[in-house]
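Once you scroll down, you'll see the structures, which are given as structure tokens.
The two complexes that follow have subunit A in common; it is paired with subunit B in the first and with subunit C in the second.
== the complex of A and B ==
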């Protein structure tokens, strides 16, 4: 049997099945892997903990749709648990039209688990279109941008938003997003109005933010499901993200194996060696 | 996958097999009470069916995938339209107009007019009217974004790249890290500078830039793989736990 021919001729659907088998199998293997929180995840936690007892609320922007819920909802849940633990008021909003119900679902779940009361411990402002214009409007006059919450109650009367006049009044602003909304928050929000900004991003976007974290333009970042697992470890509340790390790691190992084998086959190809000579 | 020489299963056969398996599985789950009979149970069944329909594309393009894809696009568009109507159009304009709040309507009349002008783009005869709206949007965007983008993307990044080297206490590791970053930035910029031929010193520097780019592409690829696997893990958790109830 020609091994090279076998390896170069594998049907891609065999690879898909192998990945499926490994990931599903990993769900049932009782092997807990250590999760070491990264510096960027710890920075988010420190920012929220620093607001304990100050009365200043945090703003969480759920700028993602159900397509990215698997990565970003666990991040949002872990951050909400941390905020409710520290008794920091939470103000939630979304810049994406499909994000409103996602935000409501996550908030309702965590609030029910923590006994948090809407209007007292947290507020959902809802959706406003425009991204950049919404951020600029909130930066200048918060009540002009959001005069009422999603239930129609005036923001001037709700405990978490009573003392908020502009974006800089928030102790920390965090955007959970799978789109370019993070750039708008940074450029039109943080650069202009100088509030501390954190991000919860899908894994695809995370590398783009490292230069801005290094210069201090972004203060804290959670990257993908791994970032959510790190934050769950920080707040000692293992949940969906922690459970997902085992199959995730198994999938990564399998893909790394495929890459190594493919490169070995390619580099030992006699035709390639002949061409190099 | 099929044995060599045998014809692939037809679309109709594939559709019948998948629908049959889904139907039997859901019937068993409903009969045993694993999935409750009701709106929530129906939602879980539809979500599982659409997920499997989407993943069926990995075998090959088929009718079930097409149904799932069109359903997804249609529901997203419809849902988005309803959200925009209730959260934006009704709340900001139609609602106040219906309630007779003419001061609010008056304040929003011009933006609404600009918005309606944009729709004239669809007309060959009146499309020129949309240029006023687009010109306003372009001018506003340029005016707002250019200074902030220059500050955020260029000046602050320049400061972060060169600043630490100009002085200040740094450990050996920080010095090495900063020097590496400086070499990377300069060599990548040289690579993208096409006005000088890439040979000699410029060629070597450009080659170094290529290696830095390859490392960054590798890091991006790794994060992308992680992101896509996370979505797969999330969806499998839903199918195994919430639909089949074979995972705690």
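== the complex of A and C ==
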């Protein structure tokens, strides 16, 4: 049996099974991996802590749907815990149709765990269509964009939104998204209305934001499930993201191993290198 | 007239959108607020148009028994189910505030469908991507050239450095990963964004000045 041919011709079903086995198995391996918060995750925490005692609320925009919930909901949970710890009022909204129920689920879970009261400690504004125009509308006149919360209560009467007239009145705005909504927040929100903007993104989108982090246009960013685990480490509340780091590490290691083995065989086999694609 | 009026509207709206960005006068900002409100209303109507277009396309497919019409029938059934559940709104109707659960805590039909059908289905769709990516990486990531080898090396460093096991293997891995993100990645992304930004400006000017007329459609 030609070992080289075997190693470069593994059936994809074997790869799928190996990945499944490694990911599921990693849940049962008792190994504590070090989680070192990145500077971008620390920046989010510093922004929220700086609002302690000021009374200024933060705006969290849940711009993701259930498909990205596994990566982004843990980020949102960790940030909510931090905000409730610091007694910073939270205003939540979404620019995606399916984001409202996701936002409600996350808010209800964390609020129940922290004893936070809707209408007093946090508000859910709900969904409005239009993405860019909603951001512009909130920047011009917040109450025109959201005159009431998702339960129909006027935003002028709710504690977290009573003193908010425009986007710049928020102490920090954070968008959790798996779409291009982050660009809308930055271009039509931060650049126009000059509020501090943070992002919670899927791992795939995160590299796009580094030029804007370098220029200070984005102040804080959580990247993928790893970013959520970093934030859980910052607020000392290990949860789903921290538990997910073992299987994620195992999965990454396995994929890296496959790539290394395939390339090792490729580079040492002249016949394979000569073969056209 | 059929083509001239839209061109005039596009020119006026484009010019207006540009000017209000640089005119801080209250009148300009009030005009912007009004325009944004109109835009939000139009966006809501556009949602209905999109839904209508999708429904009619699938109804046609079912009527004509085209290939895959069974999937269209399932889509239409799911659509109708969600619309009815949404309009029912836990028994309070479509004009009341959204109801997610009954007084005893049981979820309304809409909430139940979202939580136990839509969420698992969406999560499943994205979950299978991991397996496809693993298979694709194994089959196609080859260091055929020097640049491919550099790309592959950087990808492996970032893949391992971004997870906690990277720090466990070596503290240098996360540091190298951060440098790759902060320096080469940021530089290249910056170049890409500059290029696309210039392209967006050029295309926008072409539309505003009527040079680009594809949006008019027709002959």
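Quick note on the criterion: the second predicted complex is superposed on the first by the 271 of 277 C-alpha atoms of A that agree within 3 Å, B and C clash if a C-alpha of one lies under 4 Å from a C-alpha of the other, contacts with A are read in each partner's own complex, and residues count from 1 in each chain.
FYI, contacts are C-beta pairs under 8 Å (C-beta built on N, C-alpha and C of every residue); 3 or more make two chains touch, one makes a residue touch a chain.
Since we're looking at a predicted model, the values are computed, not measured.
**Student:** For A:263, decide between first (touching subunit B), second (touching subunit C), both and neither.
**Tutor:** In the superposition, A:263 contacts subunit C only.
**Student:** First (subunit B), second (subunit C), both or neither: which does A:211 touch?
**Tutor:** Both: A:211 reaches subunit B and subunit C.
**Student:** With both structures fitted on chain A, tell me whether subunit B or subunit C touches more of subunit A's residues.
**Tutor:** C
**Student:** After lining up the shared chain so the two structures overlap, which partner does A:104 touch, if you call subunit B first and subunit C second: first, second, both or neither?
**Tutor:** Only subunit C is touched by A:104; subunit B is not.
**Student:** According to the stated criteria, A:134 is in contact with first (subunit B), second (subunit C), both, or neither; which is it?
**Tutor:** second
**Student:** Name the contact category of A:49: first (subunit B only), second (subunit C only), both, or neither.
**Tutor:** neither
**Student:** Residue by residue on subunit A, keep only those touching subunit B in one complex and subunit C in the other, then list them.
**Tutor:** On subunit A, the overlap between the subunit B and subunit C contacts is residues 16, 19-20, 65, 67-70, 98, 100, 126, 128-129, 136, 192, 203, 207, 211, 214, 223-224, 226, 248, 251-252, 255.
**Student:** Once bound in the complex, which stretches of subunit A touch subunit B?
**Tutor:** 11, 13-14, 16, 19-20, 23-24, 27-28, 65, 67-71, 97-98, 100, 126-129, 132, 136, 186-188, 191-192, 202-204, 206-207, 211-212, 214-215, 217, 223-226, 240, 243-244, 247-248, 251-252, 255
**Student:** Please output the residues of subunit A touching subunit C within their complex, sorted ascending.
**Tutor:** Residues 10, 12, 15-16, 19-20, 33-36, 38-39, 65-70, 98, 100-101, 104-105, 126, 128-130, 133-134, 136-137, 140-141, 144-145, 150-152, 192, 203, 207-208, 210-211, 213-214, 223-224, 226, 229, 245, 248-256, 258-260, 262-263, 266-267, 273.
**Student:** Would you mind writing out the residues of subunit C in touch with subunit A in their complex?
**Tutor:** Within the complex, subunit C contacts subunit A at residues 21, 29, 32-33, 36-37, 39-40, 43-44, 46-47, 97-98, 100, 111, 114-115, 118-119, 122-123, 125-127, 130-131, 133-135, 137-139, 141-144, 152, 156, 159-160, 162-168, 174, 178, 181-182, 185-187, 189-190, 193.
**Student:** Which of the residues in subunit B come into contact with subunit A in the complex?
**Tutor:** It comes out as residues 1, 58-59, 76, 79-80, 83-84, 87-88, 141, 144-145, 148-149, 151-153, 156-157, 159-160, 216, 219-220, 223-237, 240, 247.
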